[in-house]
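Chain IDs A, B, C and D follow the sequence of writing; residue 1 opens each chain.
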Amino acid sequence: MSYVIEMNHITKQFGSFKANDDVTLQLEKGEIHALLGENGAGKSTLMSVLFGLYQPEQGEIKMNGKPVKINNPNDANELGIGMVHQHFKLVHNFTVLESIVLGRETTKIGILKMDEARKKVMELSKRYKFKIDPDAYISDITVGMQQRVEILKMLYCDNEILIFDEPTAVLIPQEISELMKVMKQLVAEGKSIIFITHKLNEIKEVANRCSVLRKGKYIGTVNVADISKEEMSEMMVGRKVNLVVNKKEATQGEPVLEVKNLTVKGKTAGKDAVKDVSFTVHKGEILCVAGIDGNGQSELIYGITGLMPIEKGQVILNGKDITKESIRQKCLDGLAHIPEDRHKDGLVLDYTLQNNLVLQTYYSDRFQKNGFLKFDEIREFAKGLIEKFDIRCGQGEDSVTRGMSGGNQQKAIIARELDRNPEIVIAVQPVRGLDVGAIEYIHKQLIAQRDAGKAVLLVSLELDEVMNLSDRIVVMYEGEIVADVNPQEITREELGLYMAGAKRGVKNEEN
Amino acid sequence: MNILYFIIQQTMYFAIPLLIVAIGGMYAERSGVINIALEGIMVMGAFVGISFISIFQDSMNGQLLLILAILVSGVVGGIFSLLHAFASINMKADQTISGTALNMFAPAFAIYVARMVQGTQQIAFTDTFYISKVPVLGDIPVIGDMFFKNCYIITYIGIAIYLVAAYVIKNTKYGLRLRACGEHPGAADSVGVNVAKIRYSGVIVSGVLAGIGGIVFVVPTSTNFNATVAGYGFLAIAVLIFGQWRSNKILMAAFFFGIMKTLSSAYSAIPFLNALPVSSEIYKMFPYIATLVLLAFVSKNSQAPKAEGIPYDKSMR
Amino acid sequence: GCAKKPGAEGGEKGASEKGYELALITDVGTIDDKSFNQGSWEGLETYAKDNGITCKYYKPAEKSDSACLTSIDLAVKGGAKVIVTPGFLFEAPIYQAQEKYPDIKFIMVDAAPISPEKEVKINDNVSSVFYAEEQSGFLAGYAAVVEGYTKLGFMGGIAVPAVIRFGYGFVQGAEAAAKDLNISGVEVKYTYVGNFDATPENNAKAAAWYNNGTEVIFACGGAVGNSVMKAAEAAGKKVIGVDVDQSAESETVMTSAMKSLSTSVYDTVASVYKDSFQGGKSVTLTAKENGVLLPMETSKFNKFDQTKYDELYKGLQDGTIKVGNDTIATDASKLSSDYVKVESIK
Amino acid sequence: MKKINNERFVGLSASVLAILCGLLFGFILLLVTNPSQAVNGFLMIVQGGFTDGMKGIGDVLYYATPIIMTGLSVGFAFKTGLFNIGASGQFAAGAFAAVFVGIKWTFLPAGIHVIVCLIAAILAGALWGIVPGLLKAYFNVSEVISGIMMNYIGMSLVNLLIRTSIYDQLKNQSLPVAETAVLSKMGLNKVFDGANINAGIIIAVICVILVYIILEKTTFGFELKACGLNTNASKYAGINEKRNIVLSIVIAGALAGLGGALLYLAGSGKFLQVLDVVAPEGFAGISVALLGSSNPIGILFAGLFIGYITVGGYNMQLYGFVSEAIDIIIAAIVYCGALSLLFKTLIYKFQMKKRNKNNKKEEA
């Protein structure tokens, strides 16, 4: 049988890094085809290729059996391919209407004919019960609404092939179920959908078939009907052995970090990103904050570390209230932070490795004498860490950090933070987009901390990491903690349900 | 009353060039390219335009010559601005630096060429463009005295440019795309808008208007061009920001600055001001101070185009 | 044309060979400043043309004594035998240069060699020329009132002595005329704009005055005149030019209060070549030496005629008419009398 | 120190490229305007300060001094991620303060007076820098815009102050400063006979060294550069980025202000003019900083280079060329400089690729 879309043997590289490595994807007409994979598996990249944003190094794309060349979004449009991007592509001070017509304006001698557009948009909005206000400014509407705008952008130009890149990651359950309805309605109308998600039950709910990527490689395609979530997740993550970490029983000691009723404002004014959150991390345990991307985890950490102002609440470290303290003081008190975005927060990319290794300690008497840096001291120190944490890079301590591979950059941060031998390590998605080797290494380091009787607060989006590393799991949903559970006593499915907000566990807050 | 008319007429001489150039700047910045080269481009435009006049003023004269000269200035400005566009769009260079280079280049070039060619630095021209009274319109009681006496067609050209520019950026396909490129080039790109093209056009428009602004500034207020536009390019940038990148507000800003300029030089003939013990320097400083104060208040949530000054790079996500 | 096109001209004779015998060094105003740079240059250039001698002007790298000295060095290096320097900027530099280059002749216009310690010392190789601008201004002021104007304006460039002399002379002339014709209530708006350039501000200032009823403005500051003329053209009023005959610049120029810059420079240069150069002193050229004048043939007068002019000029020459110079008052407003009211604007 | 060498290499090659492009452009310009003399004229530029021996060299140093200072000012700010286009205003402020003290505070004893003048200039410049600094740090106003504004405010204010305090009515400029306020020639004028050279150049060199030390050797410099390269990371590392922004513009301002003092206390008979012109030295500083790729040492040489061709360009008058040709060349150089920033990053990218390969190999 022929496919509407065939992507054969696609390879896409960024620099030397293969984001897609010989990937094949076949989309049947009128199906919802799920695309499954971990962070950094290459899903968005593959779709960007299909949508003409990137040009693949190898591979061909066929439409209805005929090879097609897609050099830019226009071509994609011509072919009736539309895409809802993972990171929305909307102009903040445009109106909904302006955003939708951008690029497909109906004009008379160059002058916009908005009323026609308006009519069409309102019709669509009615048909799918979107209830959008065409004159509202993008900056003023909710994320859910913004996504509807993105969807309308596709429908507005009558696309037949619709790509949804992680549409649910940012939605609340009601919105999700509504989205599911819409997607069903769309395929019912004969359109075909590629649906990217990390969430198996969503796939179970709507998808007909599912293709799995791992580390940029194509793993396989299955009929959703005749495969279990477990099997799918196994396909997605690969043999468990890579990620199972053998660690001895936790010996929970007394509290190290106590977070009390923490509330943090979100970027979008009005709603709080973190709502009255409380929890405690003890000596010798790894507490994992699980949850779907964008449920307030980042803000929670920013709030604790002081990178974001907090609305109310308390942060207590070893009995000392550090809420109001400067970031540096917190660091001196023994709080280490492995940030979510290593390029943005973690490193000064244009500094040498050695400078980055002392980024938190350059001012200590060890590295400076009345204002002057002790370069030899720093060099020695750096050499030591590079040795100890086996950081690999061109010119050792003198290499410019920008030029180092992601894994080694992350190792550098880990080295810097752990070597201070802090009371607590806050690690946010410490293995994002890293190769297996690096992942295992970093996990070992975290466990070592824990075994040394220190506390670890781990934020992760990936079930396996959560399940394997943590001694205790709190699940965040919509900025609140909806569960506080023991990994031994919970299945992935349950956890998934918590994360999706479908289930709320009684908070067994101690003390 | 007479005084009032006078102030308004004078204000036009100062405000119109500011308006034109600032609107030009708006196009560049709304497309995402900062253009601090406006000063230099003005000088370039004025230089060539005035030279054009001084060459052809014997063979032809009157409004036709002026309009031709204005066109020439525009073209020159546009071409000159290509340098900036190339640097900041193709080469992804630091936009303030290439702008600074153009600002340094223009006056030196004007002086060099003028002195090498005609031996002297100033380029004189005879003003045959002055309109003491627009036929019919000039007779309208108040309005006539304000806007249709002691004027140049420049005034009306300026207003026309403003109206068109404001309409285009708000109501046309081009305007919509331009604004998108200035705020979120990624979004524009994802719907198949050619960001580079749009930005080029934005810079060129700014160049053309700045060029025009240059000659428009010189003609009504002097009898020769001396390789300078007295910092009006920078003042125009102030106007642009003061106007928060919105043409309607830019209009107001331009006239505010224009009035301040007028007062700073003509106060000696305005009784109530002449009485005040305020020296001309104070008037000169005022627009800039006002801009600073305003910036302090609005910058936190300024309406500056989000992506201005940032070279667009596809693979950045 | 000699040095009209420095480039082309450099082509004919590089500095390498003969070089440029006659040199003028501008005071960073250029040779088209409508003022003493221009006047002096014209004199120099004409002589050079008439006698087939090379000439050239130099521009100091910056506005400082040492830069001026350096440009004198450059001129000498360029083969200069006679160097003309207009303006006070050269007081100190020439004070040194006259020692450094004893066999070079220096012609200072509107200035004399003065050391930073304010000591005046004029060597034999230096002739310093001043003008009785007050007499020139007097003639202009007188003419203006005879023409029937009662609302006059004086816009000086910068309050340097020469300009002040022009201004005070102008006021005195107006007063004399008012007395003779027994007109009372002549008003003079009097100010210094603070620069010698054609700027929009100057233009607006003049426009404002005209708009306020001023009938004729004595624009006494090089290019400032252009701004004033511009305003006059708009307002249909009159302008009085300065230093050189500016009638060509604009229809509105009624007359120009001239000083014989070019002729005197011409003559002095000539004297060098005739070995009749009289250095070592500074002369003030007055009506006696025809050092000041109004260009009657190009002036656009209705009432003020040649006979009247000659009468006045005689008076100035034989001293029956006395005109005070810049020392007679600390501020123009002090010159007010029952005939003339001077409003001095700071 | 492999990497440092490498950085130097890249920066240097970039600047050299820019300079060559600029000079080439200049030569073409001369050729077009006057073929017969173009070569001579160009030689004049190339010979620059050497045309008239020691004096010439002395003058080069004299012209270089103020622009080295403004260059340092701009370059220092660049290093910390800021574009100090306001150097002109700071320069003017400093110049005025120095001259004012130099004229009025004659009660000060000889040795002290000049020093107080310099300090006054430093403070004035710093003061002029603090405004954009605060606006940037606490109101996130672009320092470019506020810098431009401050330039014009400074220009008018200085004019006003001169006219009301230290005005030489007869010459429309500032009065001469007291002898005790003039920078000592330190016998340099003996060496460079007839030139204006004086202690100024030495002070400038000292500043170069100081700035170099601050940026490269101290924790303070470490923080400043970190902020310049990545504000977020600096904040993450507990550095007070707001304070650093203000400090770095203030220091930049102080440097520019001192530059103003060094020029007007040079005893070259230069006076503050009452003109509506923004001090060109500030903009010259931008080109100097770019040529020196913001490296203090580089800036020193860039300043000397521009002083050098300035003298050369001035001598070009002998061949009937107009000295503005130099400004054109410098502008061209700056423009190429803007492009060669890219040229730089290209080299880096290239080197990075190589390293990545190595890393990959090692990891595998």
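Things worth noting here:
To be clear about the criterion, a contact is a pair of C-beta atoms (placed from the backbone, for glycine too) under 8 Å apart; a residue touches a chain by one contact, two chains touch by 3 or more.
Source: prediction; values computed, not measured.
Summed over C-beta pairs in contact, the chain pair with the top total is B-D. Averaging C-alpha coordinates per chain places the centre of subunit C 39 Å away from that of subunit D.
Between the Cα centres of subunit B and subunit C there is a gap of 37 Å.
Averaged C-alpha coordinates put the centre of subunit A at 46 Å from the centre of subunit D. For the pair subunit A and subunit C, the distance between C-alpha centroids works out to 79 Å. The set of subunit B residues that touch two or more partner chains comprises 115-116, 230, 279.
Counting partner chains per residue, subunit C shows two or more touched chains at residues 6-7, 199, 201. Interfaces, counted as pairs of touching chains, are A-B, A-D, B-C, B-D, C-D. Contacts from subunit D toward subunit B in the complex involve residues 29, 33-34, 83, 85, 131, 135, 139-142, 144-146, 148-153, 156-157, 159-160, 163, 276, 278, 283, 286-287, 290, 321-322, 324-328, 330-332, 334-335, 337-339, 341-342.
Those residues of subunit C whose C-beta lies close enough to touch subunit B in the complex are 1, 3-7, 30-32, 191, 197-205, 207-209, 211-212, 223, 226-227, 229-230, 233-234, 236, 249-250, 345-346. Listing the residues of subunit D that touch subunit A in their complex gives 1-3, 217-220, 222, 225-226, 229-230, 232-239, 348, 351-360, 362-363.
Per the touch definition, subunit A reaches subunit D in the complex via residues 15-16, 305, 307, 326-331, 337, 339, 344-352, 355, 359-360, 362-363, 368, 371-373, 392-395, 398-400, 402-405, 407-408, 435, 437.
Interface residues of subunit D facing subunit C in the complex, by the touch rule stated above, are 33-34, 36-37, 40, 52, 59, 63, 169-172, 176, 194, 196, 268-271, 273-276, 310-311, 314-315, 317-323.
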